[in-house]
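Okay, so subunit A shows up in both of these, paired with subunit B first and subunit C after.
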Partner chain A sequence: MRGWRLERRIDQPLASRILVPVLAIVAGLLFGAVVLAIGGHSVTEAYEAMWESSFGTGPGLEQTLIRATPLLLTGLAVGVALRMNIWNIGAEGQMAMGAIGATFVAFHLSGLSALPLLVLMFLGGAIAAGIWALVAAIPRALIGLNEIITTLFLNYIALLFLSALINGPWKDPSVVGFAYSKPLPAQSELPFIGDTKVTIGVFIALAAAAVIWWLLDRTRAGFSLQIAGGNVRAAQYLKIGIARRILFVLLISGALAGIAGVIQLGTASGRLQDGLTANYGYIGILVAFLARTRIPLTVVVALLYAALLTGGTALQSTGIPSSIAQIVQAAIIIFVLAGQVLGSYRLVRPLRGSAQPPPSEPAVAGGAR
Partner chain B sequence: MNFWVDALSTGVVLGTPLAFAALGELIAERAGVINLGVEGMMLVGAVVGFAVGIHTGSIFLAMCAGALAGSALALVHAAMTIGLRVNQIVMGLTLTVLGTGLSSYIGADYGNEPFKHHLSAIDVPLLSKIPWLGEILFQQDILVYVAIVTVLVAGLIINRTRQGLSLRGVGEAPAAADAAGIPVFAVRYVAVWLGGLLAGLGGAYLSVVYTRSWSNELTAGRGWIAIALVIFASWRPLLVLPGALLFGFIEALNFQLQAKNVSIPSQYLSMMPYVFTLVVLAIVWTRQRSRNWGMPQALGTPYEREGRS
Partner chain C sequence: MVADSNTELAGTTVGRGGELGSALALSAVGITKSFDGKFANEGVDFDLRGGEIHALLGENGAGKTTLISVLCGQYRADSGEVLIDGVAHRFSSPREALKAGIGVVHQDLRQITRFTVIENVVLGSSQRVGREAAERIREIADGLGFDLDPGAIVSSLSVGERQQLEIVKLLYRGSRVLILDEPTAVLAPAQSEQLFRALRRLADEGKAVVFVSHRLREVTETADVVTVLRHGRVVAHRPVAGAEPHELAALMVGDDSAPPLQVTPGSPGEPVVTLQGAKCGEGRRALHGVDLTIRRGEIVGVAGVSGNGQVELAETVAGIRRLDSGKRSDSAEQIAFIPEDRLATGLVGSMSIAENLAFRRYDRAPMSTPVWLRRGRLRAWADQLIERFAVPTNRPQLPVAALSGGGLQRVIIAREISESPELLVAAQPTRGLDVVSAASVRSQIVAARDNGAGVLMVSEDLDELIELSDRIVVMLGGRIVGEMDRGAASRAELGRQMTGVGTAGATA
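This part shows the complex of A and B:
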């Protein structure tokens, strides 16, 4: 086997781009099966339950859509910034700020009827979260302060702030033992679609995806973000203002995560509470990266990830540890990541008769390939 | 006065797992690899340590097992980010998902079993007699002392030895380190592995010594605090100790205030180190950019030799 070597591909063929994730999902499920078997659990029972509770039945599909909604929004939020090579680790905290902003609106304008109240709640949530993202964006734009550090730190602060509100001024004194806010006005609940449990939040998320897709992939402004993030020199030559774009992109990113927070508030509980963000902000980073910030792919990945989340919670009633769903999630991602790297190489065969590739090919054979 | 001595002494105990985990993360980051999977590694260390403790009755073996389990998980991160050059942030987050899942899976049978053995406090001769300070620092269990000594030794190694210079070189300028004959990949592997070892040890301390029981997601975000602590300590190992004490003290103070039914919103107290760090970061960055704050220049960037085949 001497002389075989790995060579980086210039472009990955479409077949391998599709094959890699499919194989990764299969491998991840197989890994989960091995873990289940080691623990003495029935593999078929576990996967059957996960399938039926996520895609296989109507109510299951509803649960998947409910979880896919905030995930799509946080995936978009992270993806928008990632187009410019900005890492927004702070979607979790921005979600919390979105929920806080919406709660503030709901408490102070509780006299309004449903439609104007909901519109103002979304606006309030998006603005609060957008401003929260600007707290990281401004020092990044002005003095180059690393946004990974600041957005991460702002998560802790935002989640603690939420906790302080529901333990302090917004606390419902009638609930003992748990920290909940007072209930939000009834008309602030998001309307359901037909007689399903899915709210109109899913349409809002899809609309956001469409707008972001248009903005990023169909406008000059969207393309300029990619240049500004990829090649600073080119951006300077083209007179693309980088600082301004950092502010813009994180404002949009925060607002999207904030909308996810508002939807969680209007879907889950009708009260502001701890755990509302449910790690969707962090998972959104995984979603955006796995989708390579492509918007249509983000929709697909969010849906698949939501199915795994839903499948996990359904296992709780079967006696099989629901943690297997997290193990499968992680295994699939690891296989996808590894596959993406390995798929970008190809094995180059040595030339016949020589164990090593010749030092330099004669021009006749070289040039035109 | 008793109130403060109690809070500080509990703070030292609560700061111990943070010190272990943060030191581990610091070593990995000084080599240029950020690992956001600390929470996952701590959880796996906690559950494996606890299980081994239950079966063997030995706290020593439990600690070793927890550390090894954490380091095993770290090797996944190392292989993916150093070997395959996968994005470190994404891989670290995935590691947290994996560790959370694995620990809950392994721990499913251990939820109702308390660990009966107790790590008794050791009074350091003379020092433990110092008023207040003695009670806070020198009447603790052995692992508290181990944590302090480990941090001091690590600080010495990182700042004063050739090995430490290699570590710093790999994190600051890997290409130059490579040219100087330092095995960049090997150093990074070892650093990430050590990071997992210490995170696992911190996790095992929580389950085996502190709570002496297992429940899902026992670490409750301490892995994330450890990551913040590295930044708070501005990547300087010796600053991990006061940092861990501060974060541990705030947690202890929250417990004490709750027990006394003092209605100060404790969240604002918990927020302070984060706000403080951000403000200081912004000031330092305005003046000198990242260099003097101590962030390794190659942090987060995979090293790739040109023409590697």
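This part shows the complex of A and C:
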């Protein structure tokens, strides 16, 4: 390696942007293969099971899409806040509040027919979760209270609040042993697409992605958000108010996570229950990070991550212990993350003139990666 | 071991001024280095003698940094060799070059700011942090007239002190060739003088000193020998004695195309902004009661040693900083501001060049409707500015951080001046720019004034102030301590007032 050196680059060519993550996934799979082999398991069998359960078969693909839906929404939620350099760790709790809000609507407006009820449930869920996010956003905007801490701890409150509801006022007394809410009205269930198990939630999530992309790239408000998120001082001197935008972005972020909660509610057993959020809020942080907050990339990452989740479950059903399945999953993610960092550099061999002019350090100001 | 070689070298003292007779400390022969088929250095010969201060002059992109990088082992030349004491070397890392006695003070002082001075000096050597090291550091620093506390945390030091630390570090490691890449770009005039005094002492001890500069006056006043690079080739290598600044400028740019700007006096009209008893901030970086009126059609220059309230004054006049007391009133609809630190204040590095060019008008028609942003119009506007202000890019969709310092400055100036401002505030508008870029920026500023803008220009380049300003105010300790009209200002007078030596006519 003598003479070789890494040089940071500002503009990563398209080929490398595609090739690097693909190679990283392959490297992760190879590492996983070694782990599987050491554990005495058949590598081909394991990966075959992973493939079939995620993309390779119809039911597998359905499972992947079902999991990708909330992941896309929470990934968007975290990503949009990150554009303003706000870390929303609270998507998990906001999902719960979204589900609670929608349940509240469903119980109180059970007389409505399916379409208006569903619309109002989504609205109720988004508003409840948005307001929940504001609980962290307001002190952040006004006195700079660290949102990482507040959003994180609000998760526990939201999840316990959900528990309290299904063990208290909304408890279904006919179910013994488990805490469930009373069943939601039948028309509140999300319609399936054709004869699959996938609900129209997929389309809602994709529509949300499109709307957020438009908001950030094609609207005035979105443009000013990017300035404010990219460089606070530049925003100040352009008289772009920061506080207002922190509120706005966390409201949107919370609403997106809330919609994920409503979809989970409409996809699950038609009752509000513990475990409904299934860590999707936390995984959303990873999704947003892997997608570098880019919206189209978030769609891809959510899908791949969902495949990894279904594949990991499938591994366990072939008799591989869950610990090894998790090592394989984690290896892939770590390799992709490492690839992402390395991809923003290039190898330079100083012997020959293959590099760019002198090391004018690209001091990229602020901004989420 | 390091200290030993150092004393030994100090013994080989050569006469002052680097007469041609003294020994060659370093000699680069036929250095060629290309990037993507473009020559950054083409057959460059560079001789350096012990005991001389050698200025390396050239425009941005002339190949100075490439040459330095080859000398210090950061790049390997495609061909050519570096001889030290007659022995050919091919360094494959700066570490090897440092071992051979060649040290570089980079522009972006590469230090660990959380560490102390000693730790930074010792880091990477086999020495230990201890009293011995501290004494040696103090000794070197004292010898150069630096007041450097070995125990101080680097982040608490000023830029000037951090530069001193870098020099001390190289000497500690036994460097006998010191190369400084644009050392004065970040320094106030007084600090520069201190630096040059130290460099002279080093040369007197027999060390060879190279510094890169755009400031011709520094070269003529400080250096013994100058090498001028243009388009990667050496166009001149000569003693400084007898060289006129304008000759050197001509060599640098290739012809006499950048003569001093002939600035016609402005014709001041109505006041555009007025400060009365303006106070803000604390300590030195503050305003302690400033009265100032800027009229349409005049350039008011602000002179002062860095950190005497100029930044605060610029921000206050631009209306960005709130006053603690006093009054500010303006009658300007459009205020343009060219901040001192372009990337940190004026631009968003992660956004594209085109987007950065649109910051002043993205939020109104025709570039946007109340809701939507019209990307096509944004791009068209950017293309127009890139053309008009010669922003050096053919890919406006790239992040703005990809541009060089001069490119960044052009983006800001294009964006700000294109709004036909009634008030233009420019802080260090030409700092770090090459001669041609700086001349272009100056003429843009004059053009803005001639279009009726009131201009406040903060600059540490006194020649620039004298050349452009219709009126110069001098700041010291957060107050305006002097004021001079065009024609009445001289470097000497400004220098006295800036340093508080005081003369008749200075008002509190």
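Please note the rule applied: the second predicted complex is superposed on the first by the 331 of 369 C-alpha atoms of A that agree within 3 Å, B and C clash if a C-alpha of one lies under 4 Å from a C-alpha of the other, contacts with A are read in each partner's own complex, and residues count from 1 in each chain.
In the analysis below, contacts are C-beta pairs under 8 Å (C-beta built on N, C-alpha and C of every residue); 3 or more make two chains touch, one makes a residue touch a chain.
Just so it is clear, the structure is predicted and the values come from calculations on it, not from any experiment.
> Could you tell me if A:238 is touching subunit B, subunit C, both of them or neither one (first, second, both, neither)?
A:238: touches subunit C, not subunit B.
> Which partner does A:226 contact after superposing on A: first (subunit B), second (subunit C), both, neither?
After superposition on chain A, A:226 lies in contact with subunit C alone.
> Which partner does A:148 reach: the first (subunit B), the second (subunit C), both, or neither?
first
> Can you give me the overlap between the subunit B contact set and the subunit C contact set on subunit A?
none
> Write out the stretch or stretches of subunit B touching subunit A in their complex.
These residues of subunit B touch subunit A: 76, 80, 84-87, 89-91, 93-98, 100-105, 108, 216, 224, 227-228, 231, 265, 267-268, 270-271, 274-275, 277-278, 281-282, 285-286, 289-290, 295, 300, 309.
> Where on subunit A is subunit B touching in the complex?
Spelled out, the residues of subunit A in touch with subunit B are 5-7, 35, 39, 87, 89, 139, 143-146, 148-150, 152-154, 156-157, 160-161, 163-164, 167-168, 282, 285-286, 289, 321-327, 329-331, 333-334, 337-338, 340-342.
> If we count contacts the way the header does, which residues on subunit A are in touch with subunit C in the complex?
Residue list for subunit A touching subunit C: 2-3, 10-11, 217-224, 226-227, 230-231, 233-234, 236-238, 350-367.
> State the interface residues of subunit C toward subunit A in the complex, per the touch definition above.
Contact set of subunit C toward subunit A: 33-37, 40, 61, 65-66, 69, 74-76, 78, 92, 108, 318, 320, 337, 339, 343-351, 355, 359-360, 362-363, 368-373, 375, 398-399, 401-402, 404-405.
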